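Both complexes shown next keep subunit A, but they swap its partner, so subunit B is in the first and subunit C is in the second.
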Partner chain A sequence: MIKRKKAQVQMGESFAIIIIVIIMIVLGLIFYSKIKSEDISKKELLFDELSMVELAQIAGALPEIHCSSADVSDSNCIDLLKINALEEIITSSSASGGDKTAFYYYREIFGRGKIMIREIGLDGTINEWILYKTDNESLSQNTIFSPVSIYNPSTNTKSFGMLIITKYT
Partner chain B sequence: MIDTNNKNQIQNSCFHPKGQSLIFGINKKRHTLNLKNKILRFLLMKKAQIAIQFNWIFIFIVGAIILAFFLVVIKSQTTESNAEVAAELINNLETIIKTSQQSKGSFKSLSLPTVTIGFTCEEDISFFELKESSYKKDNPFDIIFAPEEISGNNLFMWSLEWKLPYPVAHFQYLTNNRIKYVIIDDTSSFAEELNKTLPKNITKSFISSNEAVVDQNYDHYRIIYFDTKPTNINTPEKKTSYLNVTVSGTNIDSYGELEFFNGNKDSLGKNKFLKLESLLGAVFSNTEEFYNCTMKKAFERLNIINSVHNNRANNLSQSQIDSTCKILYLTTEQAILTTLELKDAHTIYINAQDIKKYNEDLMRGKNCPLIY
Partner chain C sequence: MKNKKKAQMEIMGLMVIVVLIAISIFFMVSFRSNNQPTTIKKDYSDTQLGTNFILAILKVDTECQGLNIEELIKDCATQNRVSCSGISGCEYLNQSIDFLLNKTLYNMSTRFNFTIEKAKIPISFANECEMSDESTTTGFQPIPLYPLRNDNAFVKLKICKS
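And now, the complex of A and B:
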């Protein structure tokens, strides 16, 4: 009788150990998955930031809008006539019925976002040009402001401006 | 009177017949009990033995299940980890390539884990990928000239600005130290010019046409020759490709014809080059198809840039009063064409030279904005 009880208790012990081990494994897996999802969120954030840096570099160095004097390019300077020309090309390309080549080209470069140039005159007047914009705007966005000088070749004058690059996430 | 207890005692004693039979009964009972106990004990022992064995079998089964579970988890984690590393590598590579494109004239050497990067550029499809994983990155508009595969633990990235005559695009050239570029000397100075243009860090050699090229265990040999065909190439055919360059201008930074050959010296196609950057693109691409596809991307960009400059020249011609400047802007407008292809290399080059001349005229003493 006592021996039977002893065998039963021993089996019960084995069961209990196995159940405890399984519970510990499950808790461990839950803990690991929480850490992993945090890690993935951080990486997602990092890739978003990287793509912003990438976009800022590309937009800031576009030969289409950069000032140049013969073979010498002027850093942080944007040509006003080139802005007007490029804005017209992208707008007419994105319009319905237009040849979408230019729009698709810049959409591949800039992605979901907006590239805007804001001129701030000495008298406080503000002029804006939206070079590029996607239709599906989003409240969740990252924006970089880059000060530039805007050169008007017709009047040979320069004014202060901002290159505003917005990327929707 | 006899005492009852005494009477019982006497009757139960072993000397009394009744007592004797009682004792025998007890003994019999005892014997039966012992036997039963023995049988019971035996049965219990068996049950305990079986129970213990079952216990062990149960433990082994559960242990095997838990072990198998962990092995499956480890395997899936390894696969996911490899995919994660591949994705991170490709994303970082894309960022590095795109940002280094913006620093014209730069040469960068990047250390990587030992991987094989594949580059594909065909009609409507353009991407690069890690061959070890299925992770790809589309690059439909990046102008990257590279061999079909680059294997190794380093990557060279060289970026140059393509100008016609104003800046149009940044060309990116990718290679590594496992690919050898052999330039065959020619009667003119074009080969020497090309040799001096190529960066020192890449694996290159400048040899005469009858000098031997032997296998030195590189992944690929790119043989570039101008007018004199090489005769002593002893490298494996599968790892060799040839490029024949015919320069039409006065130096390699002009325009001309190209012909691509495989290791068996079968022609893979002819094409043209426009400016030095385009010629270098042909040097770094192993096939005519890849070169042609990448140059198409460059021309898409050229057409957009030309539209911008055309528009700009038009605005300047309307806003400027000086008639000599107006003429220059108007002729520039005519020189800037907006639907161009590589086959128009000669026309584009000549027009670019004209625009450069008009711009230089504007620089000399005229108080007018420059064309570019």
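And now, the complex of A and C:
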């Protein structure tokens, strides 16, 4: 009788230990998965920021709008006439019924976002050109501002401008 | 008696394991919370502002005798002979730079400190940023004053950490 009780107590003890170990394993797995999902969110943010920087570098180095003299590109300078021309090409391409080749080409490069140039004249005038814009605007967006010099070949003068690159996430 | 001691020892063993696990979880959580959030975009954006702003502003052509900002700085740092619509070149320069900063860096709530050294009048603008504050980037451009002076004027733009 005593031996049976002893055996039952020992079995109960082993059973309790197994249950505790299982509970601890389950808690550990839940904790690990929470930490891992936090890691993944951080990585997602990091990749979003990297793609934003990549887009800013591509937009800032577009040969289609850079100033050039004797085939030599001038850094940090964009040509006003080239801006007008590129804006015209992309806008007419993105319009319904138009040949969408140019728009698709730039959509491959820029993705979902907006590329805008703002000229700030010393006389208070502000001119803006939207070079590229996708239709599906999102509430979540990242913007980078890059100062540039805007050269007007007609008057041979330069003014201050901002290249505003927005990426929708 | 022996059995009681044995049971107590077993429970002590279990408690030690639980305490060890709790301590390791505590250390893991505290190390993770020390990780700084990523600032790649902010750093790149500030670097672009700091370096390109000066380069762009120096090339701006003004209505003051057809001179650009760089030429006005040269005059302001040497003879200060230029006059535009009744005000001196230095005053015109001050107003133009103030205007551009208002339309750009002030509007974007960027903490910055912009100075032109060696100018005849102090040209300095700041938005919650002193020269001693920690900065993300500092743009710097020397402007040679030769042949009028064997010296350089300096344009500095410091973008402070926000």
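Everything that follows uses one rule, which is that the second predicted complex is superposed on the first by the 169 of 169 C-alpha atoms of A that agree within 3 Å, B and C clash if a C-alpha of one lies under 4 Å from a C-alpha of the other, contacts with A are read in each partner's own complex, and residues count from 1 in each chain.
One rule holds in what follows: a residue touches a chain if its C-beta (ideal position, glycine included) is under 8 Å from a C-beta of that chain, and two chains touch if they have at least 3 such contacts.
On a predicted model such as this, the values are computed, not experimentally measured, just so you know.
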item	value
Partner chain(s) touched by A:99 [first = subunit B, second = subunit C, both, neither]	neither
Which of subunit B and subunit C A:18 touches, first, second, both or neither	first
Which of subunit B and subunit C A:89 touches, first, second, both or neither	first
Touched partner set for A:161, first subunit B, second subunit C, both or neither	second
First, second, both or neither for A:53, with subunit B first and subunit C second	both
Which superposed partner A:61 touches (first subunit B, second subunit C, both, neither)	first
Partner chain in contact with A:45 - subunit B first, subunit C second, else both or neither	second
Subunit B versus subunit C as contact partner of A:69, first or second or both or neither	first
Partner chain(s) touched by A:77 [first = subunit B, second = subunit C, both, neither]	second
Subunit B/subunit C common contact set on subunit A	50, 53
Sites on subunit A touched by subunit B in the complex	3-4, 7, 10-11, 14, 18, 21-22, 25, 29, 43, 47, 50-51, 53-54, 57-58, 61, 63-64, 66, 68-71, 73, 79, 81-82, 84-86, 88-89, 101-102, 105, 108-109, 153-154, 156
Touching residues on subunit C, where the partner in the complex is subunit A	10, 14, 21, 25, 28, 32, 35, 37-38, 40-41, 44-45, 48-49, 52-53, 55-57, 59-63, 68, 96, 99-100, 103-104, 108
Complex contact set, residues of subunit A against subunit C	13, 17, 20, 24, 31, 35, 38, 42, 45-46, 49-50, 52-53, 56, 60, 76-77, 120, 122-124, 126, 142, 144-149, 157-162
Contact footprint of subunit A on subunit B as seen in their complex	44, 47-48, 51-52, 55, 58-59, 62, 66, 69, 73, 88, 91-92, 95, 98-99, 102, 140-141, 163, 166-169, 300-301, 304-305, 307-309, 311-312, 315-316, 319-320, 359-360, 363, 369-370, 372
